[in-house]
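Here subunit A shows up in two complexes: once beside subunit B, once beside subunit C.
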Partner chain A sequence: MIESLAKPVKALRAWIRGRRAGSRRRRIPTQLIQLGVIFAVVGVGMFLMRQKFVPDTFGDLGHYRAAAVAANAELEPRYAGWQECAMCHPDKVEAKNSSFHRTVSCESCHGPANDHASNPMQLKPELPAGREPCLACHSYLASRPTGFPQIIEERHNPVRACTGCHDAHDPTPPESIQECSACHNTIARSKAVSPHAPLDCEVCHEAPPEHKVQPRAHVPKKPFEREFCGTCHDRRARPPEEIRGVDLSVYEIPRIDLVTHGGTFVCWQCHYQHSPEAR
Partner chain B sequence: MSQNYDRRKFLAELLKFPPATIVLGVIGPVRLLAAAGTDEYEPTEHYYAMGIRVEECIGCGKCVKACKLENDVPDEPYYFRTWVERYIVYTDGEVQVDSPEGGIHGFPPVADESFPPVAAGKEILRTFFVPKLCNHCDNPPCVQVCPVGATFKSQDGVVLVDEDYCIGCRYCIQACPYGARFLDPRTKTANKCTFCYHRITKGLLPACVEVCPTQARVFGEIGDRSTPLNRMMRMSHLEVLKPHMNTEPKVYYTALDGEVR
Partner chain C sequence: MDPEHLAQLEAALGQVTGFIYPNEVELHWSILIVIYPYLTGLVAGAFILASLEKVFKVKALQPTYRLALLTALAFLIVAPMPLQAHLGHPERAFEIFLTPNSASAMAMFGFVYAWYLMVVLLMEIWFDYRADLVRWRQNDKGVMKLVRWLISLGSRDVSPAAVAFDKKAVQFITIVGIPSAFLLHGYVGFIFGSVKANPWWSSVLMPIVFLFSAIVSGISMVLLIYYVTTLLRRKELDMSCLDALASFLFYALIIDLSLEALDFIHRLYESEESIEILEQLIFGKLFLSLTIVQILLGTIVPIVFLAAARFSELPNEMKRMIYFVAAVLVQVGIFSTRWNVVIGGQLFSKSLRGLTAYKLEFGGQEGLLVAIGLLILPFLILALLLKILPPWEDAKTDSSELSEAMTEAEPSEASSLS
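Moving on, here comes the complex of A and B:
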C-alpha cells in the first residue's frame, strides 16, 4: 500500500517544493503527507461504502427505514368491518344492533368477509351451523364473567341446534322473561347454571304480590338463619322429597353437620346462595 | 391611546375591517377544504393504544383466530401475535396459567375431563381470562437491542418490524418482557403484533377488536380525539403489565388481578 503511494507522494512533494521556492523554506514532513493521503483515501472510501450499504430512507424519521412504515401498511385487509356488511344487509345489522348481540360484529361468527364484499355472488362467507359456534361463547366455563349467559350443554335442549329456538341475530329466548328474572336477570343467570337451578325463587324468597308493583315498598323475605339452609343440607334433617313439583330425590344434596360446620358464621357469609359452589 | 389619534384617523382605520374580514373569511374555509381534500393518512396526527377489559373477556378465542387469518400468522399452535391466557388462583395461593393452543379454539368446557385441570384436593379461589399481545411500549426494549434498526416505534406510536431489513438475530425476541415476538419460520425474521397497521391506517379497527363479541378489547388513540379508548381510560382504574420494567406499555388493562404477570 505504502509502496504504491510513493509515486504520487513524490510528485506532491515536488509540487509543494516548487511553489514554495523563493519564499521562506519550510518543508512539510514526509510522514505527515503520507498520513494525509491515507486519511483522504479512507475518508472517501467510508463515504462511498456508506452510500452503498445504508439503505434508502434510513434515518429519515429515526433509526429505521422510513419505507418500512409503508411496507407494513401495504397488506390487504381480510376482515371488512360490520359497516361494510350494513351496506347490503341493513336488515340483519339492524336486527342485531338492537338485540343482545349488539356488541358482536358480523365477522365474529361469519368469518372474514372482505373477499365476499368485493365479489358478493361468487365468494360467500361462512354460515355457522350446529351448536359448536354458539357454544364457543355460551358453554359454561367457570372462568367466564358472572352473569354472562352460559348454558351447560348436556342440560340445555341436548342435540337440538341453537337456531331451532334462537335467532342468531336476535337471540332473546322465545318465551318471555319469567317473573323474577325480568328484573333480577344476573341472579337468574347465575342460578341457572348452579346446583340450585331446579329451585324456584319462591322456595327461599316469599314475595308478596305487591312486590311486582311497588318493589321497594313490599320487599320479599330472605332467609335469616342457618337452620333454613339446614332443612335440606343438615346431616340430620330429612329434606322434603319434592319442592314445588321438583323431584329432589334424584339430586345428591351436599350434607353438613349444622352444629360443627362453619362455627358461628351464617351460611351466606361463605356461600353465594345463587351459585353456592362459586366464590 | 396617543394624543394625536383623532376621529378622522379612527374612521379610516375602521374602514379596513370589512375587507380584512372578507379576506380572512375566504382564506379560512379554503384552507379547511384543502386539508379535507387530501385524505392521505398523516401519522403524526395519531397516537394509538389499546384497552383490555379483563372483566368482559369470555375466553372464546375469536381474537386469536382473527389475528392469524388477518395477518397470515403461521398455523402452528406456538406462533401468536395475540393469545388468551386462563388464570386459576387456588385457595392455597398457587396460581396456574394455561393457554391451550393460545386459546384459538376456546377453552375446554366443564364436561371435558381436563376441566378443571385441577390438582386433586385443591379448591379454586378465582379464575378469569387475560388476553395478551404486544404492549407497544413507549420505551420498547426490543427496539433498543436491535443491532440494525429493523424494529422501531413509528410516529403514530406503533412498534413495527422492517421485514426486509431484519437479519433474524432474535435479540428482540429475548428482550421482550411480554413474550410478544416470534421468529417467522418462513422468512426467518422477527414477527409481532402491529395493531393491524394496514387496517388502522385505513380507518378500520384491528381484527381482534373487530371480532371481539363482548368488547373486551377497546381500540383508540391517546389524546384529545374522542375514541372509545379515551372513554374507557377516563372511567376505569387502569393497570399495565410489568410496570416495574419501565417499558411504559400502551396496552391498558382494567380489573387486572394482582396475580397476572
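Moving on, here comes the complex of A and C:
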C-alpha cells in the first residue's frame, strides 16, 4: 500500500521542484505569510464564533432573532382583554367605559385574568384592596400631567381605603366641583397637593361676587407686592395660628428675611404658589 | 428608588434653572464620555503626525516618528475602555462584531476601531520594527527575548530585500492610514454632529472640527512626550525637530481656531430658536471652561506663545520652555473642548428654556477616580511599549551595528560579545 503511494508522491515532489526552479514568479515575502497566518486565525476565529454564538434565525426579519417572534407567540396568554370581561360583567364594563377610567383596562387593577376567563368558578381574579393599587397612578408625582387627580397619601384621609369614598368603576369625584375649581380646576388640583392647600383661594385672590357672572369684566385681585407673602413668610410675621384665621399648626412655615431675601425680585418670579414644589 | 440616588437627584434639582423635562435633570453621558473623544483624538493626531514624516518626507520629524506611532497605539488601546466602563458588561463588546448593525453609527465604530488598530497601526508598527526586533532579539535574554520573538511573529529574515519590502509596506500602510485616521476621529465628531435634536451638537462641521482639534492634540502630546522622555534619558533635545513640531502645532491651531470661529459665526448668523439658550450656556455654565480655558488659555495663548517663540531669535532654552508650556496649555484646552461638547450639550433642556448642572462623582463606575485612572493608563502602556520597542535613534543604530558585528564574527565570538 505504502509502496504504491510512494511513486506518485515522488513524482509530485519532482514536479513541484521543477516548477519552483522553472518559475520566474516572485516569492511571497515571509512577512506577508506570517501576517497572513495571524489574519487567517482571526478570520477563522470570527467565523467559528459566528457559527457558535449567532442564533440561526438572526437577521431573517431584522436585527434580531426571528425565532423570538414564534417563541413569544407560543407563550401562554395571561391576559384575557376587557372584551372577555364584558361577556359576563357587562354592567361593570359599561360603567367603567363611560367614566374617567375608560382608558384603564380591567386587568390593570384586577390582574391577569385569562385563567379566570377559562375557569370562572374555580379561579377568581384579584380584588384590589387598600390604597396601594390606586396610589400607583394617583400618588403625587411632579412628572404627571398638570391637573391629573393626585393626592399626598399622608394628607388625604390617611388609612381609609380609597373605595370607601370612590367607586373605582365610576371614579367621579364624590363632591362635585364648585366655587373656584369649577373653572380653575387645573390650578385647584395642583393647589390641593401643595403646602397652600389649607388656604382658601380668596385668602390671596379677593374676588368680587360679579366675577362668577362676568369673569372677564370683574377680575379678582392678585397679590402684587412682596409684603403680601411676607405677612406669613417674613421672619417677623405673626405665629401660624394667628395668621389668616386658618389652623396652620401642623405646617412648618418657611420664614425668610423679607429685606434681604431675593433682592428686587417679587416672590412669584421664583416660587409658584400653587405648585407642590412652591418652596 | 435607591435613596442615595434620590439624594443625588435632589441635589441636582437645586441646580436646575428655568424649565426642564424630568429626564434631563441628570446627565446621561458622564466624564467617561468626555475622555473617550479626548483619547481618540490623541490617537488620530499622533498618527497624522507620524505620517508627516513618512508620506510628506518632513525629515526634521524623524526623531518623533516611532514615538508618535507608539503614542497612538498606547492611547488607542485605552480609547474604548471609557465606553465599556460607561456601558458596563465589557464582556459583551465583541458581539457588535458578530452581528454587525449597519444602521447603528455607534456599532459601526467597532469596525472603524478594529480596522484602524489591526490593519493600520499594528501593521505599520510591525513592519517598521520587524528588522530591528530580529536584531535586538539576538542580544536579548529571558522574557524580553520571548516577548520580542512573539511580537516579531518568529520572523528571521533581515535580508536587504526583506527590509526594502518592510519600507514599502510602511509607506503603503501610512497612505492608507491617513484617511483611516481621518475616519477614526471624524467618526467621533459624526456621532455628535448627527444628533439632530441637539442644537449644540448638530452641525456638519463637527467631524472637521473634531479632526483638526485631534491633530492639534496629537502633535502637542507627542511634543510633550518627546520633551519629557528625552530629558529623562538625559539626552539632547533635537531643536530642529521641536521647531518643526511647534510650526505644525501653530498651523493646526490656526486652522482649528478658524473652524471653531466659522462654526460659531454660522450659528450666530443663522440665529435659530436655540441661540438664546446657547448664549446662556456659553456665558453662564460654560463661561469658564469654554471662553477662558478652551478659547483663551487653550488656543489663543498657545498661538501667541508659539508665534513668539518660533519666529523670533530667542535662545533655544527659552524656546523649548515656551513650546512646553504651549503644549501643556493645548492639552488642557483640548480636554475642555471635549468637556464643553459632551457635557455642554447635555446642560440645556430640549425645551430650550432651562439649564441643569453636571455633578461629577468622586468614586463609582463613572467617577473622577476611574477617569483619572483611564487618563494615566495610556502612559503606563506607553512606558511598557517604550521598553519593548525603544523608538530612539541610538537604540536603532547601536543594535544594528552590533548585529552586523555579530553576523561577521564567528559564533564563539558572538556569544562572548553578548
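Observations on the structure shown:
In the analysis below, the second predicted complex is superposed on the first by the 188 of 279 C-alpha atoms of A that agree within 3 Å, B and C clash if a C-alpha of one lies under 4 Å from a C-alpha of the other, contacts with A are read in each partner's own complex, and residues count from 1 in each chain.
To be clear about the criterion, contacts are C-beta pairs under 8 Å (C-beta built on N, C-alpha and C of every residue); 3 or more make two chains touch, one makes a residue touch a chain.
As the structure is a prediction and not an experimental result, all values here were calculated from the model.
By the touch criterion defined above, A:M46 reaches subunit C but does not reach subunit B.
Of the two partner chains, subunit C is the only one that A:L35 touches; subunit B does not reach it.
Contact with subunit B, but none with subunit C, is seen for A:Y79 once the two complexes are overlaid on the shared chain.
Of the two partner chains placed by superposition, subunit B and subunit C are both touched by A:S143. Taking subunit A as the reference, the larger set of touched residues comes from B, when subunit B and subunit C are compared.
By the touch criterion defined above, A:H63 lies against subunit B and subunit C together after alignment on the C-alpha atoms of chain A. Subunit A residues in contact with subunit B (one complex) as well as with subunit C (other complex) are 58, 63, 142-143.
Those residues of subunit A that touch subunit B in the shared complex are 55, 58, 61-65, 68-69, 71-79, 81-82, 101, 103-105, 107-108, 111-112, 135-137, 139-145, 148, 152-154, 279. Chain contact summary for the complex, subunit C toward subunit A: residues 22, 94-95, 97-99, 101, 103, 118, 123, 126-127, 130, 153-157, 161-162, 165-166, 169.
Subunit B contributes residues 41, 43, 55-62, 66, 69-71, 86-88, 106-107, 109-111, 115-116, 124-129, 149-155, 160-165, 194, 196-199, 201-202, 204-205, 207, 210-215 to its touches with subunit A in the complex.
The part of subunit A that touches subunit C in the complex is made up of residues 29-31, 34-35, 37-38, 42, 46, 49-50, 53-54, 58-59, 63, 142-143.
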